[in-house]
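A short worksheet on the structure shown next.
The chains carry the letters A, B, C, D and E, assigned in the order they are written, with residues numbered from 1 in each.
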């Protein structure tokens, strides 16, 4: 099962996914979607790491991916906790409601 | 097998595109799951089978479930979809998309100018990974534990429901609302 | 050690004042008086101990040096030559007067007030003695904050604006000077391998002309703002106008002098070639200041602003004189520094005293005050005359020497500067005319000088007359410093001339 | 792992262990007071354990950590920050929150993360340190979860931090893809070649986005004010100091390892960022009425100043950076300490108008705040001046005149708002702020004592900085 | 006796100090005693020292006395040194002697005034300054006196300070003379630069060696000095202040604005004759200015109502004669006229003061009249002064002094027929307005009742001065007319002989014409104001003549001209720029910063989306920079 992959293609794929994530974070109104989009970006980075690891034949890329995974989980847990609080207080998850502090 | 790679890549892209364009959170989550599965396929093709496994189990399994759980808990269905539908007009997404496209274009320019070769991904077995994790990156693993602990403590504190301490201005309103509620009930 | 004592006596007094102010409202003023008087005594002792005639070789009378931040080549280096000595004497003299004139004027937060007052004096004294560039800058800034408080807390209506303006102007320019100091430090360090902020080392630095120009600009901006040179003067009327009496006295009498001192001590010897090159533009600015300040002074209706603008005009003479770069003019500059402090200080004191009585600074509401206050009228006249440069009073000697010296360098500039003589008459007489002459505007009872006020003014009057008739001691004291400066200039401009010839 | 490894990692282990210990104490239902004091003690222990390893520097632990004198200094600084924040926390949280205890766990974890950052020399440890810090901060910022501002700040920080972390990770991945190693030492060998491949440059650029966010430099600064305002004051203090210190240390180590100073594009980017930060930070604070936001904007400018010391890449950079951070930390502690003490259970003392006439009511607190403001403004006699002096000498020493001039001019703008604060302290006679709570005399006493010591150090560093400069000059990066 | 020289100025100074410091505590009589006594003593010392000086006229003809070194810098040295030679002696004599008389007069004249002590303090200070001016051995000390007298003039013009117009007049006097002083100061700088000294005698000795005759430098130097003189002596174009200066008390007008201070310009030019001798242009300028001034002021005097203004313009006019004399090189003639003029003009002012006081401060001559019989002493003494002013031939001192000037204005080397013509018509005008003044004041109907008559302390000085006004002329008689040259002989060690032109017309003819001019003027005045007063009215109805009258009356419109040209623009500029236009620059910077703050703070919208956008833009910028480099 020998695959030949062009580094550029992998990197560009990851980059494209990353860019989609960015778009998602910016355009969405609901905080949950924003978190989802951030997950997409993290995943794209993970893809890049795995690709890099496989490029050099090292486990380090995957190690990093594992840590990314841990971090994503941690972040999502706190993020969702926050979302619960926000929903509790604002009865909405519209990020545009959260503009009280400015100037 | 390159074809598998491209197919998986395309699936991941399309699914991701769907994620960021769906109005209904549940739909989006499902598409994200598809995307994650495609990622797992990519990982596997890149020789990282263990990562592919983790992607499915933890990401698609655990984390996404967490999301769905919250979505269900808060009953975010139609209302959210309606809100997003109203919101997601070209006027709104055009700007950010262009921005992201510019960023990607720059990225493209930089990557293409670097002239990388194609390579055959080396398979890194779970064993190798485990050795690396528990030898070289042992402290890292411990730190990851601290990271998770921070998340747990934090989420526990933030997510904990206490009686809501309202600002004194809001308190009156709330009382009024409650009165109203009682009236309707009665 | 005596030099350190000069500063520490003020600082200790300052802290004592603020502490004492916690439990007695009147104690701080006695402490302040004591501290400044002690300082004055020390300076007099110093002066008496080192008669200028005893110094034939070298200009330095006293020197104190101690490591401060050796990692950067910073030393705590104080030294005094005739020039510094004169200005130090002035500092403590005006310091005593400033305490005296605040005696009854300041009733609130006396402890903190006298703390600031003494702290300013300490900073000013430090500036006049520091011979390490870092230390100099340090003291340069030390005097700002208390002055800021003095204006901002005890000033009149528009005090906050004035305090900001004062602070930001001086600090902004000071920072540019600091950049220049650093530039000098590195150029010297790179040339010689010795990184030091020491004055004597840095003065010998050979700097490429273009760099020297920029570095000099950095120094000049700081000093020009402080002096102030037209068009950097606009902070001054506000600060002087809003400050409490003692603040105006110190601003006009001392803080402005630090600018001139800086030019004499640093700009001229460090950048002799550039100074020679920009002499004419600088003098033109000076003349512009003379004329502009005078015209502005004429148009003011606020007495303190008016006097403030006369300072602009007088300081125009100073910068013109400095850039004439000959002994006559430089001696005149030194003289002007001393006499302007006395005459303008006295005018500010008078403005304060009038304000205490009439509760206004608007000269439109004054008039005919000679009747009820002949003593103040007389004294006011004396200082108005001093301000217009009447012979027999100190300012005349100063302005005459400056103009005489400038004439040797640039006759046409002198001609323009001499117009200042006319304008100064115009505004000085306006002061006298509006305040003391004419019909009375207010019927409030205005008591003449109290004993304390009379004492302050008498001391100032005697000083200004003394300087007008017997200025020689001052001139002799400053002479070694001035001649050394001239000699240094000559050596360097010859050298540079020679250099360019070789090229 | 050898014994030496253990003792070298002792500070980190103490911090990690402390968090667990505190958790156990919480389980044992001990009072807030005891937990606070214990954690204070634990911070002291961590600090002492750090002093203990002085003799063995520099020391490498695995490929993840390099404990050299610079790293140790920064670790010390961060632990000290944690300690100071800890001291200020008791009254603040006792007044506001029913469950103040988990706070200490998170504080230890954040401190740990920052310390890891300061000592890391590997992408993995950088990443993990950063994330421990960040995740802890999410919770800390939103700790007063019933307050709208707190929650808002928390979610903003969370989304943005995760977003920027993604950039950082992507950048790291590209660097790794190009170099084949994730340890700085390994990279140093690979990158030394003169031509820097574009992929590496891209990776570094993307990493800069992530790091720039953490440092809150322009244009990644926009979260700063909101988070500073929304977070509890002690947490704000921590964000302003320890979290930035750790990132700066890691960044400096990385840059020195790969000699990123020599790369023209990077330098250009950094210069642009520095200038933009100095200018925008100072301008944004100009008329700000909320003192927490004001300090946030001021921190943007100060990070800009710091970059002036960072960019030249000369041998003195570590010294200058550490000295500047030291002065900045102490100043920030003093400023936020006063704000903390003056905050009450209803709200933080953030409205500048409420500070009117503070000087006449609480001369000590007002003086400390005034000194802190002067220090931030860089006025002589305060640490801020010496710090700025160090920065300027570093910049000018390498001929970065543009940066120096911008620094000077923008700090003139800065003067205005620092003075505005000081003026407010002295203005008027009304007193709008409540007395500092007298309910907790012991803790108030400790807080005041710490504040006084900090102020003393602040002035001492301004007047006689040589001893500290001596220490700083001994700092080295391996 | 020379060691007592310092006493001459010191005594008035002492008087000033006593009065200034303790004036309030002293009684009126002791104030008078100190004030007048110090000047009388000073006059006495002058007689003694001057007598000794004249008796044993030393070879170098100078007494000098150095008191102390004022200041020395580099090559410059100024000493407080007094020096007495014949020229200064003449001035010292006039100052102290006339000064003493005027002080005695003032003790009575100012008796009722509240500020008695202040008056005498200022007067004493004035005498001191004036003495310093004339005794100074170097130009800087002279400048001290020069400015000092200006100050005293200011103080005394504005003596009655509550009247705003008095203050304005004082200010005007000071400011206008200051213009001249500034120029003079520049002159001093030039002299120092070229000669390296400001000691007058040294300059005199080396003038020939350092300056080429008629070179530009020497001309410029001379003209700058002259400018100072013009200001002090109220000559064109700086004459406008003197008529207004009449706001001061009459003794002040007599002493300062007639006898002494205003002639300082004459003294200066005479003193610095070494420089002026080297520049023909400068001398021509002096002569022309003198001639123009005498004519202009004379015509103005002809139209004034206020008796003191008439006298003021007449003073300007007479000093014009002195300048004319200086300009043509008749140095001694100028000084002679100065002395004579001092006597009769002081007399006229004091007498006018006595009249004004008697008539309850009535200044308008048209409201006087008929005083001939009511105030005989004043009338006779005034007549003596008027004769001298009009230069009535043979019997008045004024004739002798003015005749000399008329003669030299043609015959001296610098003279010319035109100058002579002007001077001659001036003589006619002088006689005319003097007659007019006499007639309006003393003859005709009385328009205002006479109050109390002047007492002995006032009349005595009048009589003494009247005697001198008549007799002083006999010190110097024309060449064809006894050729008695006591005065010029005395002065010749100091001032050079008048150089004459080659061909000199007969002197008799000139004297005859001068006498005729005087008589013609007297007749004119007599005709229009005594015989046919109605014809004046008819003349005045002529529109052209009326506007001419207005023009002359306003002093040839100089005040209005200066007002438009200098004063109003100055005030206009200062008023529009009251808030300092340069400050706009800084407030502009501050404002711009504020605007930038507003702009930037709008980016802090609080919207998370926006913040993320910022992050992305930052990433784009970073990558963009990297692509570009």
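Just so we're on the same page, contacts are C-beta pairs under 8 Å (C-beta built on N, C-alpha and C of every residue); 3 or more make two chains touch, one makes a residue touch a chain.
Source: prediction; values computed, not measured.
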item: Intersection of the contact lists for chain C and chain D; value: E
item: Inter-chain centre distance, chain D versus chain E - centres from mean C-alpha coordinates, in Å; value: 78
item: Centroid distance [mean C-alpha coordinates] between chain B and chain A, Å; value: 5
item: Distance from chain C to chain B - Cα centre to Cα centre, in angstrom; value: 68
item: Mean-CA-position distance for chain D and chain B (Å); value: 30
item: Multi-chain contact residues (two or more partners), chain A; value: 7, 11, 15, 21-22, 25-26, 34-35, 46, 51, 53, 55-56, 58, 60-61, 63, 67, 71, 74-75, 78, 82-83, 85, 89, 95, 98, 100-103
item: Chain C, residues touching no fewer than two other chains; value: none
item: Chain E residues counted as touching two or more neighbouring chains; value: 601, 604, 606, 608, 612-613, 616-617, 619, 623, 626
item: Complete list of chain pairs which touch one another; value: A-B, A-D, A-E, B-D, B-E, C-D, C-E, D-E
item: Chain B residues touching chain A - in the complex, by the definition given at the top; value: 1-2, 4-5, 9, 12-13, 16-17, 19-20, 25, 28-29, 32, 35-36, 39, 42-43, 45-48, 50-51, 54-55, 58-59, 62-63, 66-67, 70-71, 73-74, 76, 80, 83-84, 87-88, 92-93, 96-97, 99-101, 103-104, 107-108, 111-112, 116-122, 124, 128-129, 131-133, 137, 140, 144, 147-148, 150-152, 154-156, 158-159, 161, 164
item: Residues on chain E engaged by chain C in the complex (per definition of touch); value: 20, 24, 68-74, 76, 80, 118, 140, 143-144, 146-148, 151, 154-155, 158, 161-162, 164, 166-168, 170-171, 174-175, 178-179, 181-183, 185-186, 188-190, 192-193, 570-571, 573-575, 577-578, 580, 582-583, 585-586
item: Complex interface listing, chain D residues touching chain A; value: 123-124, 127-128, 131, 135, 138-139, 142, 145-146, 148-149, 151-156, 158-159, 162-163, 165-166, 169-170, 172-174, 176-177, 180-182, 199, 225-226, 229-230, 288, 290, 293
item: Of chain D, residues touching chain E in the complex; value: 155-156, 159-160, 163-164, 167, 198, 201-202, 205-206, 208-209, 212-213, 218-223, 225-226, 264-266, 268-269, 272, 280, 283-284, 286-288, 413, 416
item: Touching residues on chain E, where the partner in the complex is chain D; value: 593-594, 596-597, 600-601, 603-604, 606, 608, 610-612, 614-615, 617-619, 621-623, 625-626, 628-629
